[in-house]
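Residue numbering begins at 1 within each chain, and the chains themselves are lettered A, B and C in the order written.
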Amino acid sequence: MSKKLSQQIAFWIFRILGVFVVGILLWILGFIIYNGIGVISFEFIFDAPRDGMLKGGIFPAIVGTFCLIVGSMIVAFPLGVMSAIYTNEYVRDGKISKFIRMMTNNLGSIPSIIFGLFGMALFVNTMSWGDSILAGSFTLGLLALPLVIRTTEEALRTVPDSLRVGSYALGASKLQTIRYVTLPAAFPNIVTGLILSVGRVSGETAPILFTVAAYFLPKLPSSVFDQVMALPYHLYVISTSGTNLEAARPMAYGTALVLITLVLIINFSASLIRKHFSKKLGGH
Amino acid sequence: MNIVETKDVNFYYGDFHALKGVSLDVVKNSVTAFIGPSGCGKSTFLRLLNRMNDLIPDMKLTGKCLINGKDIYDKRVDVDELRKKVGMVFQKPNPFPKTIFENIAYGLRVNGIKDKEFIRNRVEESLKGAALWEEVKDKLSRSAYDLSGGQQQRLCIARALAVKPDILLMDEPASALDPISTSKIEELIFTLKAEYTIVIVTHNMQQAARVSDSTGFFMLGELIEFSETRKMFLNPSKEQTQNYITGRFG
Amino acid sequence: MRKLVEKIVEKILAISGAMTTIVIMLVVIFLFKEGFGLFNSPVIEKGYALCVNEVNPVEHIGSAAIKKIYNQHIENWSEIGGLNEKIIPFRYDDVFQHYKEEEFGENYEKLPEKLGEVIAGSPGILAFIPEEYLPKNVKGVKILDGNTINPNDFFLGVEWIPTSTPAPQFGVLPLILGTLWVSLVAILIATPLGMGVAIYLSELAQGKVRDILKPAIELLAGIPSVVYGFFGLVVLVPLVQKTFSLSVGETAFTGSVILAIMALPTIITVAEDAMRSTPRAMREASLALGATHWQTIYKVVIPYAASGISAAVVLGIGRAIGETMVALMVTGNAAIIPKTLFSPVRTIPATIAAELGEAPHGGVHYQALFVLGCVLFLITLVISITAELISKRQHNKGL
C-alpha cells in the first residue's frame, strides 16, 4: 500500500471518529431532551412529588441540590483558594509544594464512593450529625477540594511575575501583593474554576447516598441538620427502584433533563466568563 | 546549469508581506548563502524551496518557483517526494529520540525501503559523508541524545544525506554550536559541494564569505543584491549591502 | 503589627495547604478503623456460636466451608482437616426432636444442658446455637469461639452473599474481578477511539471543526454519571439485549460501553496535550525527510507522546474502576466471577453503594463494606501513582 493511500485511510478514520464522538454527545443530549421536554412544566419544577413519585414535581430535589451546592462550596472555596495561594505564592517550587500537589492529585483520584464511605463514618456517625445537609456538604466539599485547588493554582500561575515584582518594588509586602495585585489579576480564572467545581458537585450521586440524600421527603429543609432530596439521587431512585418503573419513566426523563440543563448552564457560564475576561485582558 | 529558479516570488503570512518579488537562480553543485538582518525573509525563502512553509496556516504565495525546471507549487507535485529531493538541516540540531542508527534510517524507512543490508550500507555511507562515522561507528545503537551538540548537527546532516537529495537546505546550521563544531560543519559543507547543491542561511557574514560561491543579501523581504560571493564582499553594488557588511546595522 | 498579621496569615494558609494531606490521612484512618474489626468477627451470624464434640480436632471452619456443610457439599470432617467422621449439621431447634417440651423447664433454663448432652453424644456433630443457650462448661462440648473471618476467606473467597445463614459469605474475588473486567474492557474500547480523536484534534482539525469538537468533549465530561447510568439503562440495556439476544441486557459489556464513553474525555484531553507538546522541530525534521504527515504522526509524534498517552490510559482505568452509578445501574449486579463479556457482574463501588444502606452500623457486613472500600482505595492509589510516575518520565525526556 502506498504511503499516500495509508495516510488517506488513516485520516478518514480519524475524521469519522471525531464525528462519532460528537454523535455520541448529540445522541445522549438529544435523547434526554426529546423525552424530557414534554414533562417539564411549572408544576414539575415547583411541586413536590406525589402518588408514589409518579406524579407531581421535583421541587424538593432542586432545592436540596441547591443547598448542597451552597454548603459544599462554603467548605471547599475558602480552603481550596487558600491552599492554592499557599502552594503557588509561598512555597512555589520547593519540596513542600511538590508534596502538596502530589497529595492534591491523589485526593482527586479517590473514587467518589470512598468519599461517601468516609463522610458516613466521620460526619454522620463520629460527629453524630446524622444524615444531614451538613454531613453531605462537608463530604461533597472535600470531594471538590482538589478541583478548586487545581483550577485556582492554574489561575494564579497565569499572573505574570512582572506584576508581582512590580508590586514588591513599590515596597508592598507579600500579603499586600497577593491581596491587591495577584488575586485581582487571577480573579476571573479563579471564578471560572469555582463554577466548574459547582458543576462537578451538582451531579455527584455516590457521596450523598449515605450522608444526606432522602428517598422521598416532600417538605423543604428547615435546618442544616435536615435530610434533603437531591436531583442526581432522585433520578437514580425513580429509574431503578419502585413498583412501577415504566410509569415512573416520564418523571425520570424530566429529572434527567433538569439535571443536565443545570450542569450545562453551570459549565457554559464558566466558559462564558473565561472568554469574556480573556478578551478584556487580551490587550495586555 | 541552474537547479533552482525563482521568478518574482511574493509570500504572505496572513496580512504580512514577508517576501517581495524575489527572483534568483541557484547553480548546481554550488554553495549559495543568504545573509541579512533577522526577520529579513531569508529563512522564509529557504523554506519555500522544500515547501516547509505549507505548514503555516494563512500563507499565500505568488510567482514561480522551479526546481529542475519543474514548478514545485504545481498542484500535481507530491510534497513528500519534493522534500525527499530537497533535504533540510535546521537551526538547532533536532535528532529524534531514537538511536543514532534509527535516526539515519528513518528517511529510508518512511520511503518504503525495507532491505536491511541496503539500509545498513546507506547509514554507514551517510555518516561517512557527514564526517561522523569514525566518532560513532561503535555506538550506533546509543541514543542520539548522547552525542554533543556539534555531533548531533552532523547527525542531522547525515540523516538528510541518507535519502540522497539533490539539494541540501541549511537554516543557520551552526548558530547553536561552538566555534570548533562550527568549523567542522563548514569543512563538511565544502566537501559536500561535490555531490550536492547547498543553500545555506546564515547570520554570520564571515561564514558566508568562507563557504559560499554566491551570496544573496535580503532586507525587509527584498532581495537587495545577489552575486558572486567575492564580488559581494569586496565590491558590493548597492549601498545597503555595503552598510550591512561593514556592520553599520543589523 | 503588620509583620505579625503577615505571619498569622501565612500560618493559616499553610494549614489550608496541608488540608488535602489531612483529608487523605483521615480517609485512610476512617476506612481502616471502621473496617478493622472484620477480621476479629466470628464467621457466623451475630448472636450465634458453633459447637462441636470434644473429640473433634477442628478449630477453625471458614465461612465457605460452613455454607458447603449446610448445603451438604461437604459431608465428612476429613474434608476440612478433621477425623474421618460424617458431619451432622445441627440447628438448635433440632433439639426438640430429641426431648419433650417439658424437659427444658419453664423458661427453657435447661435448654443449654440438653443441647450439651446432644453435642457430647455425637462425635460428628456441628451445632449452630444462639449465644444465650450456649452449653458452657459442659463436658464433651467444644465451643469454636476463635472462629473468626480470616483474610484468606475474604480475599480469595469466591462468593459474596452477606445475607447467607448461618455464615454470611464475604468473598471479594468476584467483586474485584468484576471491577477489573468491566474497567479493562471499557478502556480497550475507549483507547483506540480516544487516540483517534486526540490525533484528529491535535493534528488535523482546524478552526471551526476544532471549535465544535473541543467544547463537545468538555460537555461529555460534564454530564453527571447518574445521567450516563440512566441513559445506559433505558437505551443501551435493551439494545444490548436485543442485539445479542440475551435474557437480560444488564451485562459487563453494557457497563463497559458506558464507562468507555465516560473515559473518552480524559483520554482525549490528556493524549492531545501530550501530542501537542511534541516539539515543532521533530515534526519538521520528519517532514523534511519526505515522510508523509501520517508517517510523521505514528513514527515521531506518537512515540514522543507515548508516556503522556499511557498516563491518559491509566487515568482512564482509574476513573472507570472507581465509577459507581453506572456500574450500579447497568451491569446487573450479580456477584459472580465473570466468564464472558455478557455475564452480569458486580463491581466494588456498586456493591458498597447498594449495600451500605442496609448494613447495620458496626456489624460484620458494615465492616466488610469498609474493607472493600480500603481495597478500592488501594487499587486507585496504585493507579494514580503509576500515572504520575509515567507522566514524570515524559517531563524528563528531551534534550
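Some observations on this one:
FYI, contacts are C-beta pairs under 8 Å (C-beta built on N, C-alpha and C of every residue); 3 or more make two chains touch, one makes a residue touch a chain.
Remember, it's a predicted structure, so these values are computed and weren't measured experimentally.
Where touching is counted per the definition, the chains common to chain A and chain B are C.
With centres taken as mean CA coordinates, the chain nearest to the overall protein centre is A. Chain A and chain B have centres, each the mean of its CA atoms, that are 53 Å apart. Look at where the CA atoms of chain B average out and do the same for chain C: the two points lie 60 Å apart. Once the centre of each chain is set as its mean CA position, chain A and chain C turn out to be 25 Å apart. Shared contact sites, meaning residues of chain C that touch two or more other chains, fall at 292, 295. Residue positions of chain B touching 2 or more other chains: 80, 110-111.
Shown for chain A are the residues that touch two or more other chains, namely 3-4.
Contact residues of chain A toward chain C in the complex are 3-4, 6-7, 10-11, 13-15, 17-18, 20-22, 24-25, 28-29, 31-32, 78-80, 82-83, 85-87, 90-91, 96, 99-100, 102-107, 109-118, 120-122, 125-126, 142, 145-146, 149, 173-175, 199, 202-206, 209-210, 232-233, 235-236, 239-240, 249, 252, 256, 259-260, 263-264, 267, 271. Across the complex, chain B is touched by residues 3-4 of chain A.
Across the complex, chain C meets chain A through its residues 2, 5-6, 9-10, 12-14, 16-21, 23-24, 26-27, 30-31, 33-34, 193, 196-197, 199-201, 204-205, 209, 212-213, 215-220, 222-231, 233-235, 261, 264, 268, 292-295, 297, 315, 318, 321-325, 328-329, 349, 352-353, 356-357, 361, 369-370, 373, 376-377, 380-381, 383-385, 387-388.
The residues of chain B lying in touch with chain A in their complex are 78, 80, 110-112.
By the touch criterion given at the top, residues 50, 52, 55, 57, 80-81, 83-84, 87-88, 90, 92, 94-98, 106-107, 109-111, 145, 156, 159-160, 163 of chain B touch chain C in their complex.
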